[in-house]
Amino acid sequence: MTAPQLEIQAIAALVAAACALPGVFLVLRRMALISDAISHALLPGIVLAFFLVEDLTSPLLVVGAASTGLVTVLLVELLKRTELVREDAAIGLVFPVLFSIGVILITRFAGDVHLDVDAVLLGELAFAPFDRFVVAGYDVGPSALWLMSGILALNVTFIVLLYKELKLATFDAALATALGLSPALVHYGLMALVSVTAVGAFDAVGSILVVALMIAPPAAAYLLTDRLPVMLGLATLLGVGSALGGYWLAHWLDASIAGSMAGAAGIAFALAFLLAPERGLVSLARRRLRQRWEFAQGALAIHLMQHEGSPEAAEESRIEHLNRHLRWDPDFAARVVRGAQRRGLVARVDGSLALTDRGRAVARELVVR
Amino acid sequence: MTRGTQVADSHKLRSALAALAAVPAALALAGCGQQVVGEIDPSIGERRIRVVATTGMVSDAVEHVGGDRVDVQGLMGPGVDPHLYKASEGDVIRLAEADVVFYNGLHLEAKLADVFERMGGRVRTAAVTDGIPRSRLIASAAFGAAYDPHVWFDVRLWMGGVREVRDTLAELDPASAGAYRRNARAYLAELAQLDRYVRDRVAEVPPGRRVIITAHDAFNYFGRAYGFEVRGLQGISTVSEAGTRDVRELADFVAARRIPALFVESSVSPRTIEAVREAVRARGFDVSIGGSLFSDALGDPDTPAGEYAGMVRHNVDTIVAGLG
Amino acid sequence: MSETPAIEVSDLTVAYGATPVLWDVDLTVPPGVLMAIVGPNGAGKTTLIKAILGLIRPAAGRVLVQGRPYDVQRRLVAYVPQRRTVDWDFPTSVLDVVTMGRYGALGWIRRPGRRDRRLALEALEQVGMTELAHRQISQLSGGQQQRVFLARALVQDASVYLMDEPFAGVDATTERAIVHLLRRLRETGRTVVVVHHDLQTVEEYFDWATLLNVRRIASGPVDEVFTEQNLRLTYGGRVAFLAEGRSAVVP
Amino acid sequence: MSIVRDLFTDHTLRTVALGAATLGIVAGALGSFAVLRRQSLLGDATSHAALPGIALAFLVSGSKAPLTLVLGAAVAGWIGTLLVMAVVRTTRVKYDSALGIVLSVFFGVGLVLLTIIQKRADAAQAGLDRFLFGQAASLLERDLITMAALGGIALAATVLLWKEFKLLTFDPDFGASLGFAVRRLDVLLTALLVIAIVVGLQTVGVVLMSAMVVAPGAAARQWTDRLGVMVVLAAAFGALAGVSGALVSSEASRMPTGPTIVLAAGVVVIVSLFLAPRRGLVWRWLADYRNRRRLGAGVALVDLYRLAEQHDTLRHAHEEAAIAATAGARVRHGLEELAERGWAERVDGDAWALTPAGRAEAERRLGGTG
């Protein structure tokens, strides 16, 4: 592995962790798409900053971008607070308007300048290792590595310090208010964090990967656990895993790194969606199947128990009879009987069935509970 | 959750997160911290120089000047608009292993150009447009420090770019400097001939009809160098958009000047130009679509337009055929 | 019983996630009864109703309505969902919501006409909401919302009514009005099945009861079923007795 | 009014205005359902999810023929929305997250495909990822026909299945209990929206389309409490924004049409949020103000009465400052309200006194106990 390859993976892992942490709260608060909205809404901030400094390479343009990120979340929040529109509509109203303002400004006043989001934010992970941070003549690593470390540290600090407030404000805003924790303030804080993280990460890895890393790993974690700290940890792990896995996928395909990582995040979510214990589709289907058999075996045991010792016991215990009585088709009945035998619930005594002690206990438990 | 487990949870969370935060710092420090150097690899004289070039035009110039002394890897292949270029994983290695990176500059490659400027420590980089005097560039009307990057449409200007390539290669590999100069001289002569060809062809167009109308402003240098008026609907920025008034004004202009043809670009949707054409027709003048011009990328490699000179010839032939 | 049961549920098993919500439930509801389904939170009461209506797919089991599968008997069944399952800020009027009860009879594409509107107004009159017919639904109180839902079910003119917690969060007047309505339905030969929360009122309001806690604990006439032992089985010993000898759940 | 004349005589303005109006009507009407179903961001998501479809269509056909690319985009967008529905239906992941995952992952896969295409020495790929997306100013006559035809079909389906769509949006469980194939209706309504969005992407571009799905519906919701009125009003707002944006961009040069229409739609939303009767913010503030004033008046009345009691004469005048000391700083509005009702009067300068009517009122309120 060459140094740039290592650096790209390190940067991507940092971005993944930095995005997953606030992403967990976005997913829980149904605000996941705010990250995508910010990516569109950055334009007017960049344009205004450019008008101010007239230099496409000035770092002030990034500051302009970050401040429109803040304006976006602020406007969305204000709209939501009127209770006249829902959060999805609020997001869908704010970003086209901000973006359009940006386009109008460019077209009217700077049509002959190559000014757009690409011109200001690097947004390409493949080049991040070549954008060096040089301090006093010493090359101390890619700028993105330092930037994202800073943002990750900020996110970790914020979440550790305000963990209980965030938790309460997310799950029960009313209670949080009653306890004097000001969920609104916590919320604005979180949104500011999202905005800074998004803009910083857009610069390092591009907007689409940020959207993917903010949503897919937390959503996958949401399918895997019921506990917030575990969800935070899992989301981080899955995000970092998607980033690293995606990198090697890109290496193998010689394709877009950010695209592959987003794809890997999608695969991680798909795996959770299909295979999650308890909530995954596969385990749901298997459980349904198992319950069907267990239920049938239980029904068989109950049926046998009800007729034990009675005069018609011999008749009722014949396998052919089950078909009629329990409305089972012969194949199904045979499989149920085989299963029940395997579990030691029934034994076959010359052509008819008898409950074992275990079978009797199970049947009794099912009936009485 | 009882209070006890909650405390334990947040404690565990805290230490896990703290560990997470320690990773980047360690990573950033490991293997880094070397001094920024600008030295030339001494082995360069004994092997072919690994060159990465951004656009097809730049690749073409490097190939002509470097000859068999260089291995040129183009980042943006045929049809790839530098505004829309997406890097692949392999590009990382290509860049990292390059002895020198040539790029257009003037912000054509957007943020990537900034990266090249700061790559100093690892790889030598050169903007070919540095070979062109700033005074010859077309600056933005409102923002003087921003220049139109589409210099290659003025063949004489582009020759400055070729000289920049020659000088950079010679500096990097002094042993072969003579070969570079010879190659460059031959290529520059070829380009001078190309320039004459363009002028000759352009002369076939009646002066009143020397107007190029395309969707976006890529042909300003061509217009200035060869005496064409250039009208585009959109600006240079990829997000700028045309307005209804702009379409109407352009249609009025075309109808009034009875300009016979409009041109589409290979990388831009032809819809905008079709809209102008519809509007012109509604004004009772039938304007045709004069064909497709190459703007930001070269054509397919096995066609004449796959090389810079061929691309320029294609464009000027198309323009002359449309307007002549 | 010679009559065809209004609802016959056999071997019904339903699971959400890891836990079975209903396990091997057999239930026979004779026609013309006013039945309460009673059980603690999470006992599967709503699930039972939804499974009867075919809104969720059971892991096993079968549901018959008047002797035939639900699919072909759909017209005979009316459903009153829990109030909070819909968006009360939806832009529509009271009359319009009640008219929705006619949609099933109308089938695809046909629009409700004057007759449907008249039927809806009649149903609104039965629940005492005539004056509010043109009110936007977000401006209703909880009790009024519940009455709208009841009116919608009345419009369906079904023979079996399934109601999910119609008494939840309503005022005393509405509660009395609903009980009155339920009795009238029973008197006209309808079968009414109600998910009910308040043990205090079961004996007063209903003549039939089913005690449910994942499994069917007991089902039958209220005076036979509503015994201390059954309640204990249902609520797992969390049943205390009030001074009057009536039972109530202690949280 | 040359501008109005231009609307009928100028080819470009007429085409753009008609096209924007058609799009506004269709997107406004279908978008109303999307807003109510919390699918407001479907426009943005579909435009991203379309990328792999565009790339695959190009890889398979080797051409940038718009029809091929549109088909690819529509199929990819459509598969994306089906996945969103599947995830929301079977798991606890919410709609916004599912949409965000599909949006970013599909787009990511699209990027991977684009970089693979980039590697092929094929100049035909030029501009592939932007090629499909149109601009409002470049609407063509044939677009009008496509939009009118597809929009007509979508609107006809909405009219035909009106009560089914209403039921689906308001109470799907109840709909299912009535025997309507709710899931199929869901797929159909979403499909209509996706088709409208893809047609819009191709003709007017991503951002305008995203806005047109949300803004007219969100604005219309403020003015009415009837779904029918809301849908018609949203269509009208969509058309209004489209035509006025086209007109404005036709007045000044370098005024891009699409963004102008977005801003026009934004203005419609803002006006609606503030001014719509009953729901609007201004109305709410007025109602709040009136309530506060009424409450303030009550407090001032009682205070005046108590002060008067201390002085044994009910007609005793009190400085406003004294009343404010007990009743709080907002007392002025309360006192003015009292004066308007004839319960108090101003006695030289800043002093106030109860009138006999005011005294009676105060005693009535205090239950005659004093």
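Letters A, B, C and D name the chains as they come in the text, with residue numbers starting at 1 for each one.
Assume a contact is a pair of C-beta atoms (placed from the backbone, for glycine too) under 8 Å apart; a residue touches a chain by one contact, two chains touch by 3 or more.
Since we're looking at a predicted model, the values are computed, not measured.
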item: Co-neighbours of subunit D and subunit B - touch as defined; value: A
item: Pair with more cross-chain C-beta pairs in contact, given C-D and A-B; value: A-B
item: Most distant chain from subunit B, judged by the mean position of its C-alpha atoms; value: C
item: Subunit C and subunit D: spacing of chain centres that average the CA atoms, whole Å; value: 37
item: Intercentroid distance (Cα basis), subunit B paired with subunit A, Å; value: 39
item: Where subunit B and subunit C are represented by their mean Cα positions, the distance between them in whole Å; value: 71
item: Centroid distance [mean C-alpha coordinates] between subunit D and subunit A, Å; value: 28
item: Residue numbers of subunit D (touch at least two other chains); value: 111, 114-116, 119, 221, 254-256, 258-260
item: Junction residues of subunit A, two or more chains touched; value: 103, 107, 111, 250, 253-256, 259-260, 279, 284
item: Junction residues of subunit B, two or more chains touched; value: 86-88, 238, 240-241, 243
item: All touching chain pairs, where touch follows the definition stated at the start; value: A-B, A-C, A-D, B-D, C-D
item: Residue ranges of subunit B touching subunit D (in the complex, touch as defined); value: 76-81, 84-88, 233, 238, 240-249, 251, 266-269, 271-272, 274-275, 278-279, 282-283, 294, 297-301, 305-306
item: In the complex, subunit D residues that touch subunit A; value: 35, 38-41, 43-45, 48, 87, 90-101, 103-105, 107-116, 119, 207-208, 210-211, 213-215, 217-218, 221-222, 254-256, 258-260, 262-263, 266, 269, 273, 279, 281
item: Residues of subunit B touching subunit A in the complex; value: 1, 9-10, 12-14, 16-18, 20-21, 23-25, 27-29, 31-36, 83, 86-93, 95-96, 107-108, 110-112, 114-116, 118-123, 140-146, 148-149, 217, 234-241, 243
item: Interface residues, subunit C side, partner subunit A - complex; value: 11, 13, 15, 17-18, 20, 23-24, 59-60, 215, 233
item: For the subunit A and subunit D complex, residues of the former touching the latter; value: 27, 30-33, 35-37, 40, 79, 82, 84-89, 91-93, 95-97, 99-101, 103-104, 107-108, 111, 208-209, 211-212, 214-216, 218-219, 222-223, 250, 253-256, 258-263, 265-266, 269, 273, 279, 281, 284
